[in-house]
Amino acid sequence: MPEKFDVIVVGAGLSGLSAAYTMVNKGLNVIVIERGDYPGAKNVMGGVLYRQPTSEVFPEFWKEAPVERPVIEQDMWLLSDASAVKAGHRSEAWAREPYNAFTVLRGKFDAWLGQKVADAGALIVPGTTVVDLLRDGRGRVIGVRTNRPDGDLLANIVILADGAVSLLSEKIELHTRWKPNQLALAVKEILAPPGKSDERAKIIEERFGLAPGEGLTIEMYGALTKGMVGTAFLYTNKDTLSFGVGALLSDYAEFKQNPHALLQIAKQHPALAPLFAGCEVREYAAHLIPEGGYDAIPPLFADGVMVVGDAAQLCNGLHREGSNLAVTSGKLAGETAIEAHNKGDFFGKTLSAYAAKLNDTFVIKDLRKYRRASQHMEKNRQFFTSYPAMLNNMATEFFTVDSVPKREKQWKIFKMAGNKLKIAADLWGLFKVVK
Amino acid sequence: MPKTTDDSIKDFRGVWVYVEHADGKATGVSWELLTPGRHMADALGVELGVMIVGDSGSRLATEAFAYGADIAYIIDGPVFSHYRTEPHMRAVVHLINKYQPEIFLLGATVTGRDLASAIAIEVDTGLTADCTQLGVDVEKRLFEMTRPAFGGNIMATILCEQHRPQMATVRPRVMPMPARQPGRLGRIVREELELKEADIATKILKFFPTESEGVNIAEADIIVTAGRGVGSAENLRMIEELAQATGGVVGASRAVVDLGWISYAHQVGQTGKTVRPRLYIAVGVSGAIQHLVGMQNADTIIAINNDPEAPIFSVASVGIVGDLFEVVPELTRQIKAAREQAAANV
Amino acid sequence: MSIDTEKIRAGIEKELYVNKYNVDEHQSHLRVKDPEVCNKCEDKPCTYLCPAGVYVWESGQLTVQYSGCLECGSCRFACPHDNLEWGYPRGGFGMVLKMG
Amino acid sequence: MHVVVCVKQVPDTTQVRVDPVTNTLIREGIPTVVNPFDYYALECALSIKARFGATVTLISMGPPDAVKSLKKCLAYGADRAVLLTDRAFAGSDTWATSYALSAAVRRLSQDEPVDIVICGKQTIDGDTAQTGPGIARHLGWQQVTYSTGVEHVDPDARTITAERKLERGKEIVRTTLPVVVTVVEDAPEIRYASLPGIITSLRYTPETWSVQQVDVELANLGLKGSPTKVKRIFAPPQRSGGEVVSVEKAGLVDAVKSAVDVLHTQGVL
């Protein structure tokens, strides 16, 4: 007879561990099943973790957790083939408690988080893949099947935190298979400057104009994605850099691009190459990012089961937010499980409280607000192609001192913008999407 | 433990080599060890001894003298006819306690490692495994034993200052064979050891000589590795023929294994096995770093590839740029011919 | 637009070496359902969009070099014919990220 | 019967790289793993347990963090795990390591007499293959090294039959208990641990023993108790490419011949 738990969580990522931690702290008997050798061994994200939502579940986590650097500057670059228009914001307030965000490496961070959750009383089973859900005659989820010998487990509730690919929620038909334009494929390298750890940290601080221990993020749009809807990003870790590029999966197919090649070419962009000088690749990872937005969110619960994090397409691509949605959804699912446990009722009706709670948070509110963003970008590729190029041309003209009288120069720049009506319409369209 | 104190270790003199043998033949490494043994004995001004336990002692002693030994210590008897840890250990320990050599070398073979490990504890001394370089500090009479560690990524020089003998096992084929001087004479010292078969716990029930069932590329002496350039699973036959001609086994790059042409057991490299054979022939292997780290410690590397820029050439002892479908059969032919000739000369 | 898959694959091969893998010697977690379907597939997007270069069209056959798989799942969603039997590696096998 | 398996937590040497500039070992960020050969030892013990009935106890000597490896091994079906951890053990060579482990085996024998100690043939960091035989000698037991597997154990007759792998073949030996067996990688591969096994291991806390729990002389432990000392560590000489001949230029027969000549001079043929 398989062992029975109050709750089984599938996946020891941010959403799964948040749910587990919330529940064990209220005395539930929780088991987390993770397919990697340890929590974090399979977990990939760009690398920005927001302080506030995370500390809602793990108060003051940054004091013990292996975070890389607090983010004190967030930059945005618009790139043409050989130039860049840069904008950004730097705040010294972010260099202090309570902080805004940290760069993290999930391999290290999640391992720590997993240990914390285990210390709180959850069983975290590593190296085990859940291959199916167990259901009773009426279709209620009652447990999981792993591919280990004697690999079944029972529970009152199963929380699916199995990431963007989420084979399990597909298996119980909470949703059909995602379409390639509902997913972005990102690849990322961890790059290490030469030298020992402290020397590398110093190099990073010098190259990016940072005080010791401080970090920044750069989001990049334009030429690096070769016309595809996507972005590139560069984050500073303690002694390494995370550099990645991502685009809609459907675009790779259509544009016949290889993500690895794209990344290698991106590294050679003149605005970036000096930042990577002498760097050595330490790790190479790839990950799918849910980009389906509000309309792709599957039913978040059924009898005996809830879906959280990436598995529920809870990701705000436009704002580079995912980890905070994961933590928040995990927490709310955990709270709902506690209520269900106290009532002794695990049917969908009780678990629907999870969806209701989530509706009242920024998670669903933001996703609803941006529900058309992804499609809008897909249909308006000029935001990734001609506009960045145009802006760069204008900037080059503006900053080039060439004895052209200013009035003439301004006129020239104005002309560069081409069809003003089209731009105005595009900007209005963009405004409507994000308003 | 340290019964050998500063004072008593001064009484230890002489460099010894253990002669491992089976079916009346000594292993090659036993004679190879006489090369550094001779050097060190001369440097220290002592005699070079060999230790022969088991039958064919006298004949092997003659051989040992021809290869440079001065003394042969022989213990013979029916219990020693096949190597077993206990009787051989007792014999060697007896000789060490009685004659007190300061340096004692064994081959880093299965038997050498089994025996040396047991002896070192039994006579309370240190032992350095699998050495590849040997030296001696004459003034301090210290044996400098150098060995690869950390998967061959670093070298470490080890000393055994307070204990005697200073023991090392040495990798086969690292030291050159000494020149053979037929007729060179030495002294034979015979010792008796009271040891009856009934006193020995271990019995050898059966022995099967090596057959070529299964592969173990990690321990193979010669490996012929197929890379993607080989083109198809069918073409692996050509690689097998070359492996057969050399007396080696077939290895494969990751691509070849992933393509399903051959089983994972054959895979060399980061995700496969790390190998350290005497001879490595890479056929149609481009030499991705993940492959190179798995095989670059081979003694001799032959690379065959039609791309002169292939990274494999950067580690090869000899590279042949050409069509592998021409080169491999020709290499097979020449190696076969060379081996036949060598066999005819014996 | 055409891309030099051979060259890209060489680059990927070099890069994958920095990663750690526990290769499952006994079973591939990726399988082509019907090779005939691949044969008829015009674009074969898996052969160029896989970030690990797992899929190689060779001698009229799609080969699956699963040991370097980054487990992202792209191939599963990008295959226009749903012709891949896609699963995660057995627990404890596959890539092991140190940094992630 | 009581079978003890020795487990060592080692740096994953396949992840070790050498800094191309300084030519020194990059040690940072190297994960630790269970010595791969020890899994074969563990499988050997579990197979004895399944066939002949036995208690399987794991022992390891190492830093406190090594409980991680013990728990991992326990998941496969071992019954008990003990970590020998104390500053006094630090810096031990194979003499001192096998001395400490043999003392732990003696201590375990007080609870249930140990019949068989099984070790991997060697570790991937030290590569010496000396600790197993060392334990045997310190205990005065029989040793069966380089075994591909234990064929039979007769607890009544107090004998064990095992296969050994030699360079020139294989032999079947029978010897008496108690015995130390070291296992090669030709032995059966480790089973896939069951889910209940993993869950049991997660709930299990290995015992930790300091020098106080075992009967040892402090002078025999650690650096002090080690007859061998590391004098110097250096990077191995870098291999550089040798001669490259082209079939196009030299002709097929001669190009191949130049390779065969090298084999001759290096004595490979």
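Note that the chains take the letters A, B, C and D in the order they are written out, and that residue 1 is the start of every chain.
Everything that follows uses one rule, which is that a contact is a pair of C-beta atoms (placed from the backbone, for glycine too) under 8 Å apart; a residue touches a chain by one contact, two chains touch by 3 or more.
Bear in mind that the values here come from a model prediction, so they are computed numbers and not experimental data.
Set against the C-alpha centre of chain B, every other chain centre is closer than that of A.
Top contact pair of chains, counted by C-beta pairs, is B-D. Chain A and chain B have CA centres that are 54 Å apart. In this assembly, the C-alpha centroid of chain A lies 42 Å from the C-alpha centroid of chain D. With centres set at the average Cα position, the gap from chain C to chain D is 35 Å.
Across the assembly, chain C contributes residues 16, 90, 96, 98 that each touch 2 or more other chains. Touching two or more other chains at once are residues 270, 293 of chain B.
Listed for chain D are residues 14, 29, 192, each touching two or more other chains. Contact topology of the protein chains: irregular, matching none of line, ring, star or complete. Working note: touching chain pairs come out as A-C, A-D, B-C, B-D, C-D.
By the touch rule above, chain B contacts chain D in their complex via residues 1-2, 22, 84-86, 109-111, 113-114, 116-118, 120-122, 124-130, 144, 148-163, 173, 177, 201-210, 214, 216, 218, 222, 246, 270, 274, 278-279, 293, 296, 299-300, 302, 308, 313-323, 326-327, 330-331, 334-335, 338-339, 342. Within the complex, the chain C residues that touch chain B are 10, 13-14, 16-17, 21, 23, 25, 56, 58-59, 63-68.
Residues of chain B that touch chain C in their complex: 231-232, 254-255, 257-260, 264-265, 270-272, 286, 288-290, 293.
The part of chain A that touches chain C in the complex is made up of residues 35-37, 40-45, 105-108, 110, 126-129, 131, 146-148, 164-165, 167, 177-180, 183, 185, 187, 189-190, 240, 249-250, 252-253, 255-261, 264, 281-288.
Partner chain D is touched in their complex by these residues of chain C: 20, 90, 96, 98.
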